[in-house]
Every structure is written in C-alpha cells, then in structure tokens.
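Here come two complexes built around chain A, the first alongside chain B, the second alongside chain C.
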Partner chain A sequence: MQKSLNIDPGKCTGCLQCEMACSYEHTGTFNPSRSYIKVFTFHHEGRFAPYTCTQCDEAWCMRACPVDAITVDMATGAKVIHDDKCVGCKVCTIACPFGTVNYSQATGKVVKCDLCGGDPQCAAACPTDAITYVDADWTGYDRMLASAAKSLPSAEATA
Partner chain B sequence: MSWTRKILRVNLSKGSCTSEPLNMEWAKLYLGQRGLASKYLSEEVDPACDPLGPDNKLIMATGPLTGTMASTAGRYSVITKGPLTGAIACSNSGGFFGAELKFAGWDMIIFEGKSDKPVYLLIQDDNVELKSAEHMWGKTAWEADDIIHATHQDPQMRVACIGRTAENGCLYAAVMNDKHRAAGRSGVGTVMASKNLKAVAVRGTQGIGNVDDAEAFMSATGDGKAVLAENAVTGQGLPAYGTQVLMNVINGVGGLPARNMRDVGFEGAENISAEAMAEPRKSDGKPNLTTNGACFGCTIACGRISTVDPTHFSVKDKPQYQGNSGGLEYEAAWALGADTGVDDLDALTYVNFLCNEDGMDPISYGATVAAAMELFEEGVIGTKETGGVELRFGSAEAFVAITEQMCNGGEFSADLGMGSKRLTEKYGKPELSMSVKGQEFPAYDPRGIQGIGLNYATSNRGACHLRGYTIASEVLGIPVKTELNDTDGKPELVKAFQDATALVDSAGLCIFTTFAWGMDNIAPQIDAACEGDWSVENCLETGERIWNMERLFNEAAGFTADDDKLPRRLLEEAIKDGPTKGQVNRLGEMLPKYYEVRGWTADGKIPEETRQRLSL
Partner chain C sequence: MQHLIIGAGPAGVVAAETLRKADPDADIAIIGDEPEPPYSRMAIPYYLINNIDESGTYLRDPKQHFGDSNIEVVQQRVDKIDTKGKTVTLGDGSSRGYDKLLLATGSHPISPPIPGLDLPQVSSCWTLEDARNIIKLAQPGSNVVLIGAGFIGCIILEALVKRGVNLAVVEMGNRMVPRMLDDKAGGLLETWCKNKGIDVHTSCSVDGISDSGDDQVEVSLSDGSKLGAALVITATGVKANTDLVADSDIEVDQGILVNRRMQTSNPDVYAAGDVAQGVDFSTGNFEVQAIQPTATDHGRIAALNMAGQGDEHHGTLNMNVLDTVGLISCSFGLWMGVDGGESADLYNPEEFQYINLQFDGDHLVGASSVGKTQHVGVLRGLIESRIHLGEWKQRLMQDPTAIMEAYVACTQELSYH
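The block that comes next holds the complex of A and B.
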C-alpha cells in the first residue's frame, strides 16, 4: 500500500515541531533552516500552512535531473535525491511547480522530502494531526467528509 | 550540552561586537536564561546604577532547551535593572526570536553602554553588525519589523524591537518580538530605548546538534509532550480558550478585581471572556477569535489570533487594524477591561493591538489608566490634564482615545507613561497606586486569594503573577487545592512556586507547562540535554539560588523588607460583596513565616548561612 502525507492547514498552530523533527532526522540537529517541510504563517489572515513535497507520480524534478540523481523509493513512492550523484545544478528546483525541492548551501546539493523511508517524522511530531501519513487513496477524504457533513439537512429537519 | 557556549557582547558606546565563551561554572549553578543572565547582571552592573543610564546593561538570554524539540522550548528573556521598579527585571517572551538566536549560535547577548545614534543589531549566524536605525526611530514596533524584513529580504528573519512608547520614555515599555509577543513587564523596552537600540534582527542556520544524551532527550521530551496532551488544562482548555479561560472562573470565585481594585467582581466579565471571544458577532458573522497559534515548539498553542469587528468605532476607518493579530490574553483583558471597567471586547482587542504595535505592557498600562480614571472621578485631575478626554471608568470611547494619545505621544502620555506609582504621587494620591515596588498588579485580587498577595509582595520584580502562580493551587487545585482565604501553608506554597518558576524560566521552557508538568517531568528533559547533575533536587535548589540572587541584587539596589508590602486598599478595604465579601489580605500573618521558610532574618535579609547553603 502506498501512503501519502496528508496536510490539513486548518489544524496547524505554527509550532514548528515538524520542522525540528525533519531536521533532526536528516541532519541530527534541531534546525528549521534545514527542514524539508516548511510552515508558512499568514499573519494578517491568521492562518498557517505546512508545505512539503507531494511526491508527484510523474515527478518533474526527477525528469529534469540531468544526472539521474533523483530516483523512486519503490517501498514508499518517495522521490529520493542521491547526494553522491547530485551536482547541485538546481534544474529540479526550477522544474518543480510547487517549489518543494530546494538548494542547500550547507551541502551544495538539493534537498527534498524523502518520507523518512516510510516513517515521516513530521507527522509523528505534529501535536494536532495537521500532518498525517495515510493510505494514498484516502488523501483529501477528511475534507470530503467534512463537506458532506455540511451538506446534510440539520438534525432538527430530519427529526 | 545544549548551550552554544557563546555570548555576544555588544558595546554600544564603542560600536563593537565581540564573541566570548559562556562561563560554564556559572551555567552549572544558574542553568541559563533568567538565572544565568541575572548572574551576569549581578556581577557586571552596579545594582545602584541609574536604570536608564549607560552603566545599566541589557541582556537577551536563551535557556539551554531553547531551540530544541522540548515542548514550549522557544523562550528567551530580557534581563536588566528595570526603570519602573528600580529592581532587577526579567521579562520572558515566546514567539520565535529566542530559538532563532540560539540557531545563530548564541546563548545570550549582553548590550552595554549607549549608542550616539539609533542603531539595530543584525545577526546572521557568526556575522554580526550594528547598523543605522535612524530611519526607524519614531516608527512603531510593527513598522520597524516590516522595514527590517523589507531591507533584508529574508522572511525567516526574526525581529525583537521597541515601539514609540519606549522611545518616549514610558516606564513600562516592552521589547516586542515577532510582532505580538512581548518581553512585557518592568520597562525592559525603555532600557533598550535608552541605549538608542531600536531592534535586534536575527537569522540562524546552525541549529542545535549538541544535546548531551540525544536518545534520552527525545524520550524525555516525548513523555513530556504526552503529559501535556493528556492534561485537561494544557491539552484542551488552553488551546481552545487560551488564558482567557480564567476570566469567568476568577470572577466566579470572587478574585477578579475591578475599577482600580476599588471593587472585586466585574459585572461585564462575561462580555470580555474567552466564551465571548468565540461567539459570532452580528456584523460579519465571525467570532473575535480566528484561531489559536503556537510559539516556537509549543504543543499547547494557547496564543489568540483575533480580529476586531470591522464595523466597530475603533477600527471602522482603519483597514490596517481589521486583519488578524495577537488577541487578548487573560491578564491583558483584565487590566485593559475589568480594571478600567470597560467591557467592550472589540475596544479591548483594538487597544491590545496598539499595546503590541507600540510596545507597552498591557498590565501596567491598563492599571495605570485605571488609577488615572480614579483620579479623574475623584476630581483630582480633569480634562485639562487628559487632553480633553473624559477619562471615566467604563468608557470604551475614552479608553480608545487615551490609548491613541499614549501611542502618539499626546498630552497625557507623559503622565500615563510614568506608571501608576509616580502618577498618583504626582497628584498627591499615592494610595491609589495598585502596585508593589512600583509595578502594577495583574488580574487576581489578594483580598480574595491570600497566597497570591504574599507572592506579589515578595516578588523580585514587583507585583507579578508569573513569579509564583499560586492561583494554580488556590483556585485550580494544581498540584493540590489550598483554600483561597487560608493563610496557613501559604508561605511554603509561595516559596515552592517561586523557586520552581525561577528554574523553568531559566531552562527555555514556558511556565504554562507547569499546569501539567511537575519538576519530575521537567528535570529529566534538562538532565538529558545538559551536562551536569539536573536531578529534581538540584533543579529546585537552583531555582532557590536564583531567587535569592535576585533578592541580593535588589538589596544592593536599596530595597528592604519595607518594600515587601501591599497597598493599604488591599489590607484594609474589605471586599464589599460576592463570595469573598468581607475579606482583606492578611499579609502580616504570612510574611514573617515566609522569611523563616526562606531562611532569611526577621527583617527579610539573607544571612550568611543561607548564602553558603546556596553557594551565593
């Protein structure tokens, strides 16, 4: 079964536990500047949005890479960067329509979410379930459910 | 380790920035943040100095856990000699600035001297420089934050800065960070302004990779988060209602002061409560509260993100105040609301925005306005002094007008900026200042709740609930319920809360965790992160050491047992009605015992044997 990160911005409080968990997993440091997931704050609107790679099936980044440094992890479906091949050309960062592949000055390579090999630490660290790791076929179903609930006649009307 | 072991020393007179190693011997005795920076202040500053002169220093300090994955571990404190009180000041703030400072590789910044011209400090990891802030002087804290972000084009940069009230000499000005988080009390922002320092902008990319025992740390912090999530206060009450959950609770037990503490019990409490903030309003169908927001690393997320009703008179013609911003917390809602008698939620939210925008402590500000209102109603001052404002209890229009005047430096702003002690002295009515050591009370009446009165009287930074939150025990029953009107056992309770709080404030953690966490939850997190012995016992002793060190600073600054007192109103004017009717605070029954359990002399001095016991 393929699983996906499912992000519900409405539940996010902007605490950045996900960024710390991600950076700790990948660099051994608590360091949001090295996180592959980013939480954006829209101050005026009072909203927060965690954002990271959605692992496109037809991944633009993978197709754009001139040295085949991005491959598919067959266990998780994650598009994974191989540091030994990446030359830091950044073409993938241009190809990605979502901006979720990024260059890291610290390593001279590009970085992106790799789903932590199937146990994404951002989801594990999220205190409000704004980030969950679910059956890929079920992404978006919670919103569909919420929308369906809204379309029901009120309890009084059915009683 | 968790400390970065590096201090940034900025001499504003010389314009120099130098790196020096953290004194690790002191770190093992005082941990970090509040404790460690207070140690530096005590060693480097003459306690008798003029708080607004170049000899005072201003320290921004993180704790060893700041910037780690421990829940709430994003705190930093501003430590200095406070101008409102003349006592040691230590104001703690959340948001994201503290963690960013740590990620840039610094445990603390010590500012000394005074710059000739307005400057701001720019920190990008090891690259540190002072830059001209002449174009920002005279701007609000929000404008300064925006200018810095526009200049450096780095959305991840975090800014701590002062607003116009600090520049204008208001003695309770705050250091604002991340726009609506504040190192709020005692006038730490005023000290920053006195040094011609407008802002500190920081971007850190180094992270923290040196926790002492990573495996134990992840396990201990994970356990801690589970405790917070399962606790009714930290897991449900605070995220849903924020600290404002207290408004109706405290009013209900007869502990909510109103109208400059002339009354206890506020008939308008419900209108300004958490429940009211969640109620959809008529004009646009939205509630005051948009959502809750977290400070760095916080799994509680009690922060309020609010809007003012766009049709409300205060913001109707001001679209810049119609969006979301930092909403009312309990202490602000009380001081701005119950204490001024104003129960207009939108007016209070707007005034709270202005307090954030121009960097004022809303507790001291609200309480000072309340004192001015009483002066006005007694006929001691009139519209001549207030710039034409009919400054009466309960008038939202007057409150909004006087606050705009305050921020803009209008007629009455110099008087209000003195704080209630100096204001009431100036007009010959010192008994109307509801303060200890010159700092105004927060939102719990010491007549209704005895222990908090003792805590106020003995707090090292003047009246403050955050020095020993006995309300947890006296009202909420955490960790055990004590009776509101009992004085027995309160000296011991106050000491225990004061010492534990000093430790939490020195770790990088938020005191709100202690609704759920005991020291047995906290010590293992510190112990795993830091080298040395951080057992429960050592943590508590460290807290006691810090408390006594602060007391010694104040003693050298000229404070005596005579300053451990409450205003006459709270000792003699009994509560007129409600569940606590007839009560006064019985400080005299508690204070001698408090000195005794602290190991102090009968006149509140710290004897040699207590100093030795605490390695002071």
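The block that comes next holds the complex of A and C.
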C-alpha cells in the first residue's frame, strides 16, 4: 500500500523541526524559509498546523505545466518536479489551489514536497508525531484531501 | 470511435491523452499545421534566453509519447470541415472522417493598424518560427521596441532584457498589464522596469514605423518620441482562430461558443482552449480566456464529454502569473472587484510589495499580488471553493497576507481530538 503523510495539527507544538529537516534535505541548509512544509500559527486559537502538498489525484500543478516538468513518482505517488525541464514559468504555482507549489527565486525553479523519495524527513524529525508517514488509509491527510475535494467543485468533475 | 482533434497545443494534447485514458480502443488523431512537434508557446520566452533549447518547448517527448499512447500526430493544415458529412479536408487534399471532433485551433496575434508593420524588422512573438527570427535580430546591445505591455508583452519583455538588448516598451493603456493588474500593481511594474533601465511609454501608441536604412527602422510614438530599432515586436493581443467554422452551423461570437460540456452548437463538435468561448467561473458568462490553465482544463473536460464520461463544468477561473524582470505578479478572478463588494489591500511601494483581496459578502472573489511568490495558489483555492470565510474575512481585512492561515483554518480541523 502506498503511504502518505498524516498530519495531526492537535499534536503540533510549533517547534519547526519539520521545516529545518525539510530545508536541509532539499537545499543543504537549515533554512525554514526554504522548507516545502510550513507550520502555520493560529494565535487566536493557540494552535499550529503543519501543511504541505497532499499529492492530490487532481494534480493541478502537473496538468497545468506547459513543459511536462512534473511527473508522478510511481513508487511513492508523489508529484515530482524535474529541475532539468522546469523553465520557472510559475503557472503551476497559481494552478495549485492549496498553495503548496512555490517559486524559488534562489533556483529559478518551482519547488514542492516530493516525499523525500519515500522517507519524508519532516516526519522523521517531528518529536510529537504530529507528522507521521503511514499507510494511505484513512489518515488525517485523506481528511485534508477529502475536505479539499468537497470544497472544490472542479475536483468532483473528474473524481 | 474516431476522435479527431484539430490543434496541437496544450488543449489538443491534453484532450488526446484524456481520451486515450477514457477510451483505450478509440482512434485518436491530432492535426496541427506548424512544422514542429506539439509544443508550448508558454515556453518560448525561456527558449529566447537559452534557458532551454527548442526541444525544451515540446509538450511531450515527441519520439516516445504519442507513439506509446497510440495517438496519431499529423502535420497538415485543415482546409475545410464538413459537419454534415463529418469529414475534414486537409491541405494535401486528403480527407478524414470523425465521430467526434475537437476544435483546439488556438488564437493568433492581432496587429494594430500601424503603417510599416510589414517591414522585415517587425515580428510578433507567437510561434517557434517567430522566436528563431527574434533570436537572430535581438542581439546584445541592439535597440528593440516592444509594442504592447499586456501579459504576453511582459513575458517577452523579461526575455528581451535578459538577452541584453536596449528595450523600449509602448503601451496604449495607462499602466502595464491593464487587463491583469490594477493601477497600484501596474504602477509598481512600471517603476520596477524603469529602474532596470527599460524605456517605458504608457498611455502612448505607435503612429508609424519607417525604414531608416542599414537594417534599422524608426518608430514614431504619439508622445512625439522617435525610437531607432533593429527589431520591433508586436504583442497587442490575440484573437481566436475561428475561420475554419465561419460558414458552418457552429456558432461563433468572440470565440467558438461552447456549453458546460465544451460542446459547440453542433453536438458532435467540441471546442477547447484559446479558440473556445466557455463559461467563466466568476461571472457565469461565456468568455474567451486564452490562458494555459484554462486550455488544459478545457481539453480535459471536452475529452471526457467526447468519451461520454464527462460532467458539466463549473467554469474556469481567469488567472495569470507574470515575472517582469524578477518582479512577480499574479491575479485571479474578479481582481477588479464587484459592485457592493469590499476590498482589502496592503501596499508597500518601497519594497515592491502589494496584495489586494476582493470580497463579495464573506467570499473571496478576486485577488492580485505583486512581489509574492509563496502560496499564491491558495488564492485560487479560496476563490474557487467559494469558502465562507466567516470570522476570517475580518482577519483578512486587517491582514490580507494571512491567506494561507485563512484557507487552512477554513478547510482543516485544527484539532480533532
């Protein structure tokens, strides 16, 4: 069974270890501003919510890419950006309704979560199990997908 | 089943692929009239600056992909469509029958009525062939005049600057990209471009272009300036390629009119992409959008319906993203606002930062931003999901940058224990 990230905001303490691990894995530096996973802070509620790409079936980013630079990693199901093909046009960054494909001015390419090839470092670094990498059953991640699908009428058209 | 697709751009290619998945046994053919494999015009600016070679503009690997998917690609012009006999006649005199036909013929650049546009130094920037011509003439240090600072003009602008030319831009509107950005955002782009040494003329038109010898031309502007140039590029808008159906039973307005299944007034003929006048998500009106994400959405929806598996489409959201010599801007939906609506913005001209949100009740209906590269897609999510923002509307009115927080809070259970 394919695995997916399971995010449980209720367990997140806002320590940002996931952002540190992600940026180190992908850029070689500990730089949360270049992390592909982001922890959002909700001051009013006193909550934190880690958030990243859901590797959604719709793959809005992949479909919008004009040069075939985003493909599915058959092993993990991740939608992966190929830097050698990405021209940096950013169409995927507006096509992704979750806001999880971003342009990197440092590289001139777009970046997104690739599940670290099947060993997501954010999950490995999380000290409270707010982020886990589990069988893609009925995870919080699926809930995230489902609520997104419900909220996006165009997602239904091709479900 | 015989599916015939006219047009080898993104709409046509995505339609062919969707058809192949939906109907594994169907005959599928794409007919395109350019002497190139299916390619993406979106990628041309990156070809102009040698970021990619020509093959980098190809929509798919032409050697592998179409053969592997059993999609026939035919390089021919289509001369005539007979919707009664359900055949098309090709440039070589042969004809082909179809059960379902998709018109994905795209659009073509339109030229303003300016004397001298037929000079060899004047080019549009639309096809790979145009790009090859521009690469020859836009040498480092040469003078180039760009007519039109719309979306396409601004994308080319970036590439021309990177090629090291001395660039002047002429735009009839009172600001840059007037159909995508408001006065504040367009003004930021103009200041940014001027700071980068680009000679920007807004509220200005070109009176004429004349040959001044030595392969140079002189461009006369309505503000009295005269600009010498080795190359003049026109980017003054595009128009749907509807000629093929001019004398048919297929209804045409600004583009080919299609219903929510991308079906034309002839039930066996569909249209998608720049040529199609389909339903707009924000207004419910039928409009030609001529943007890449709409082309691929159209292609997919048309194909599913051609295969008998489709649904009615809720409409495509108009959106654009632009990189103007390093300053990134985008806009979504009703970025200009609605009657009786409310708006919030954050404007920081010193830092070239701007975000503007447009609300109708507690829905976000439009947005634009300058200088923002992170999480801009969520503006689409917020608009297209018609989320009730509830208390988050007030928070966004106070801090329009909190778009991700608003989306996460409105769609996720922050705690479910």
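Miscellaneous remarks
The working rule: the second predicted complex is superposed on the first by the 138 of 159 C-alpha atoms of A that agree within 3 Å, B and C clash if a C-alpha of one lies under 4 Å from a C-alpha of the other, contacts with A are read in each partner's own complex, and residues count from 1 in each chain.
FYI, a contact is a pair of C-beta atoms (placed from the backbone, for glycine too) under 8 Å apart; a residue touches a chain by one contact, two chains touch by 3 or more.
On a predicted model such as this, the values are computed, not experimentally measured, just so you know.
When the two complexes are overlaid on their common chain A, residue A:136 makes contact with neither chain B nor chain C. Contact comparison for chain A: of chain B and chain C, C touches the greater number of residues.
In the superposition on chain A, contact is made by A:93 with chain C only, not with chain B. Looking at the shared chain after the overlay, A:72 reaches neither chain B nor chain C. In the superposition on chain A, contact is made by A:16 with chain B only, not with chain C. In the overlay built on the shared chain, the residue A:103 is in contact with chain C alone; chain B does not reach it. In the superposition on chain A, contact is made by A:47 with both chain B and chain C.
In the overlay built on the shared chain, the residue A:31 is in contact with chain B alone; chain C does not reach it.
When the two structures are aligned on the shared chain, A:80 is found in touch with neither chain B nor chain C.
In the superposition on chain A, the residues of chain A touched by chain B in one structure and by chain C in the other are 45, 47. Across the complex, chain C is touched by residues 8-10, 38, 40-42, 45, 47, 49, 51, 60, 63-64, 66-68, 85, 87-105, 140, 143-144, 147-148, 151-154, 156-158 of chain A. Remark: chain C residues 10, 14, 40, 42-43, 46, 51-52, 56-61, 292-293, 296-297, 300-301, 304, 310-314, 319-321, 323, 326, 328, 330, 332, 373-381, 384-387, 403-405, 407-409, 411-417 touch chain A in the complex. Those residues of chain A that touch chain B in the shared complex are 13-17, 20-21, 23-24, 27-34, 43-48, 106, 125, 127-128.
Residues of chain B touching chain A in their complex: 67-69, 71, 96, 99, 103, 156, 179, 204-209, 214, 225, 229, 239, 290-299, 301, 303, 305-307, 323-325.
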